[in-house]
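Paired with chain B in one complex and with chain C in the other, chain A is shared by the two complexes that follow.
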Partner chain A sequence: MTEIVLPGDRISAAEELAKLKKVILGPGLRRENEQVVVCKAGRLNYKEPNAYWIDSYQQRYVPVRGDAVIGVVTAKAGDIFRVDIGAHEQASLSYLAFESATKKNRPDVNPGDVLYGRLIVASRDLEPELVCVNSIGKKGKLGVLTDGFVMNCSLNLARMILRENCPLLRSLTKEMPYEIAVGLNGRIWLKAKSLRETIALGNAILAAENASNEEMSKICENIGNILFT
Partner chain B sequence: MKETPISTIERNFVTQAVKHNLRLDGRKNDEFRKITINFGADWGSALVALGETKVLAQVSCELGVPKATRPNEGIIHINVELGQMAAPHFESGRNSELNVQICRTLERTFKDSRCVDLESLCVTTEERVWMLRIDLNVLNHEGNLIDCCSVAALSALLHFKRPDVSIIDNDVHIHSPAEKEPIPMVLHHYPVCASYCLFDDGRLAIADPSVLEERVADSALVFGLNSFRELCCLNLGGTTLTSSNLLLQCATRAARRAKFVVDYVKEVLELDKLAREEDRNSGFTECVRLNKITALAENRLSLRLRNFKLQGTDDLKDETAMETSGDEEVESEEEDGTEKPQKIVSIDSKSAILESNQSNIKWVPDDDGVESNIESICSENVTEEGDESERSLSQQIEKQMQKHSKKESKRALSKKHLHDDAGSDSEEEAKVIL
Partner chain C sequence: MVTQTENVSIDPRGDFSSEDLKLRPINCELNPLTRSDASALFTQGDTCVLTSMLGPVEVKSQNLNIEKAHVECIYRPKAGIPTIEDKLRENVIRDTCESALLTVLHPRTTISIQIQELDNRCGIEACAINGACLALLIGGVPMKFTIAAVHCIVDKDDKVVLDPDHCKAIGKRASFIFVFDSLEKNLVTVHTSGRFRMAQFNDAECMSRAASQIIFNFYRRIISNFHNKSLLTADTKVRNTEAETVVKSEPMDV
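And then the complex of A and B:
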């Protein structure tokens, strides 16, 4: 069941639930005293047991703590890097926020490089801050991305790809081997064996934006057919 | 807002792809995007979309005092507006470098080539002339603004009609359209621009660059040409070396493109005229109602394979066709017109990989910005036929290259053969077969 809501609407279901237990309000919802008010137009979603959020079409990224994003390094300024993540302000990234980086052993990052990082500070009054390590100091899958191509897409598409039940990437793996990094800021890094395959991959992903699950596998097959005929 | 920085991997990817004869949006190297033209209800307003690049043009006129040096000629003013609506990093109200460049290129193409008969704009010598103003408002910037602006300016100029005047006792009386039929513009020839971007140290050229390609490219090459293959303006900016061979081949292709675009503009004008004669509704509101003007001109995917078709596109087309049952004829004709570029391109399967095989080519270094603008008005005899006209085009360019290397005066004064009236256009075009 999906319900379309507009800014100013009240979500009485969430208010009722709040009387019994803790309720999590996701993007697009705001609490004003005892009321839950919508602040974005879109589809209302509910997830068991207690989470509410709103899905809306959006292109502009607003930083959220904990998001994995793709950014472009624009400058080296002393001991931090400035990274463009498509938000209202550039994010900062300390040179010590890389795996096994020390004051003597600086990471090799240059302006123009693309990196996959995680936001640890995202507040409306502060500059966003990125790191390229996880909580135990390992790089995991974060860090500088080499080769391939970065494309822009809507924030919804990026979120959709990362959803567990999304069949898109699974059906694409049947067609070709590839590497992908999806930033929640609406940037996707792709790398396949050849340039043509990379373009095909991007084409399939962008075309799947408004497709249903069955259509997605059809698009992927179609791409495979064009690519290898 | 700042322009989003371009990353090294994007840069590498685009240059590599171009070298492998691939473009991100699935076009061939010498393929232009689809162009659509819609006219407004007023005279002299046109909305031109080149792919997703959109420009709204409006021509207006008022009476004014002519310049002292040219007392019997009207005045044309071209104004390009680059606002935040076009792209978030543009600042309106401030003259950016791009703004000046587009303005100057258009001035060279339209004013310096003397395509508009300025003397016909004279009301009384030394006292009153018509002052034309071409306002170009960029609505969306997706690359190749110059081409789009030039087509918009041309179609708006051709669409424009100025009110008739009569002089009674030294007093100018302007007639309203109800009193006297407005007078259309007199154009001697129809110039448009065609741009190319050069990659791989000037060995590769791609037509109609997108934003990303424009930013990555080594240099940009803009030709202003009319349908008689005459060069009105040539602009070479950037840092790469260019072989004369590539330049010539691009020029030949650009001339073919110019002819196609001008033919298309004429065709659309004809349709508009027909619609007005039959008293059918015309103008942007009608276009919006018929789904001819949409927020996105086409189903756009920034990455796209050549043969890929987004499913559901066909259904959409059917829907629009059904909605517009009243104007089926117009619709179908329009579609024919827009299909043409693909045909022309597909005939010529050779892509624009143009390797220079001559080692003794004199390279023309682009050392300083001011001198890099090869500026000239050239119009040779146009009554020549077929291959001769092709040769004349190459002569024009070679002449310019020599001029440039010698760093002589910027203006090449050449024989001018201007047509007396636009009516002879069709005859001339029949002769110049490409």
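And then the complex of A and C:
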């Protein structure tokens, strides 16, 4: 299904389906009385059995609960850190929200550090709140990202890279070893062996935004060929 | 599958000849600027504006509204500092855009629209509103509907002319700007200046309402091209090679 919809359009299929069973409306769709109305321009998607959402192009991040994001610590204010995650407001991060952190054993986080965290509070009326541990108190992949390089991209690219069937990272691994963290707020952290490789990786990822799956593997091969010849 | 906003036939009663219902050619380039959240270079004939938007971003404490987003508009003329006339335009554009935006979804934020006039050959306000609407559309801020602005004048021979160029507008007696929504084609904004008869106003409104469909069709086409280009990546479908960001349109008549 690849319809492009504009704000104000009605999704009659969703309205019909709602008469039979519950329908889930995702981003970009709103219910107004009995009507399903589009509020963002983009591609309409449907997933069996009952979910509709709009895939829209966006550069500006709006916090969503549960998203993994990359942020920059801007200030240390008593018990919390202020973290810039690219949204309209800075997120707060408690110093206790790190693995094995206690009141005595404070984590070593300083303004300017880059963090990979998960949003546990993200409501339109509340300040977003980050944590760097999972529900059982382990850090997992979250925490301070040392060294490396952070770049910005559109939210669509970040979502695309994280999609399960996206071949980009898999074909890049064939070319060189690297570390990557992708934040859903449109930030990508990269670390490769050398500066040259990091820049090449960054360019390959940004170039993949408008590429099809076959073109992606071609881009990755090219990068490898240029770097190692 | 999708019910598009009702397709009113452009001239239901056939009151106007196709010669009357003609807009100047519309062209648009999306995202010419890299640092803003979304931008559009929008031209209608020789009139040209560059619009960009940021949002939802941090709000200044004096503009903070706990119930809805604050919408601001900055209009920059081609040369010099903004004059009082430009400030008036700014307000018209801001209020028009605010009525189309779902500001309640982003309380305590700012949605900022910047408009740089590049060339004013008549109808700059209409062009700016259309450009701003496109920038908001691709910026991904929630909207109730899209808006289309049409400029109209009463010329020196007392005739109503739709979207004139600057030659036709010499010695105009009155000028109108009508903004319509995409749902029911209701009026969102009317801005008039000069002296005119009520009948002329009604004529101008009917003509503009009919012509707004051209602009709505243009939005749909350019947004489709934009998304076919940027979102087809995950699909295995053949890429739409003809989709370019710059859509060249022929002179659009009805």
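One rule holds for everything that comes next: the second predicted complex is superposed on the first by the 229 of 229 C-alpha atoms of A that agree within 3 Å, B and C clash if a C-alpha of one lies under 4 Å from a C-alpha of the other, contacts with A are read in each partner's own complex, and residues count from 1 in each chain.
Rule of thumb we're sticking to: contacts are C-beta pairs under 8 Å (C-beta built on N, C-alpha and C of every residue); 3 or more make two chains touch, one makes a residue touch a chain.
A quick note: this is a predicted structure, and the numbers were derived from the prediction, not measured.
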Chain B versus chain C as contact partner of A:Asn50, first or second or both or neither: neither
Partner chain in contact with A:Leu145 - chain B first, chain C second, else both or neither: first
Contacts of A:Pro7 with chain B and chain C, given as first, second, both or neither: second
Which superposed partner A:Cys166 touches (first chain B, second chain C, both, neither): second
Which of chain B and chain C A:Leu227 touches, first, second, both or neither: first
Superposed model, chain A: greater residue contact from chain B or chain C: C
Contacts of A:Ser92 with chain B and chain C, given as first, second, both or neither: neither
Touched partner set for A:Ala207, first chain B, second chain C, both or neither: first
Those residues of chain A which chain B touches in one complex and chain C touches in the other: 211
Complex contact set, residues of chain A against chain C: 1-13, 28, 30, 39-44, 55-60, 62, 88-89, 124-125, 156, 160, 163, 165-166, 208-213
For the chain A and chain B complex, residues of the former touching the latter: 72, 74, 84, 86, 110, 112-114, 145-152, 195-196, 198-200, 202-203, 206-207, 211, 215, 218-219, 222-223, 226-227
Complex contacts: residues of chain B adjacent to chain A: 4-13, 16-17, 20, 22, 24, 26, 301-308, 310-311
Residue numbers on chain C that touch chain A, as the complex places them: 1-5, 37-38, 54-59, 66, 100, 102, 105-110, 137-146, 181-183, 219-220, 223-224, 226-237, 239
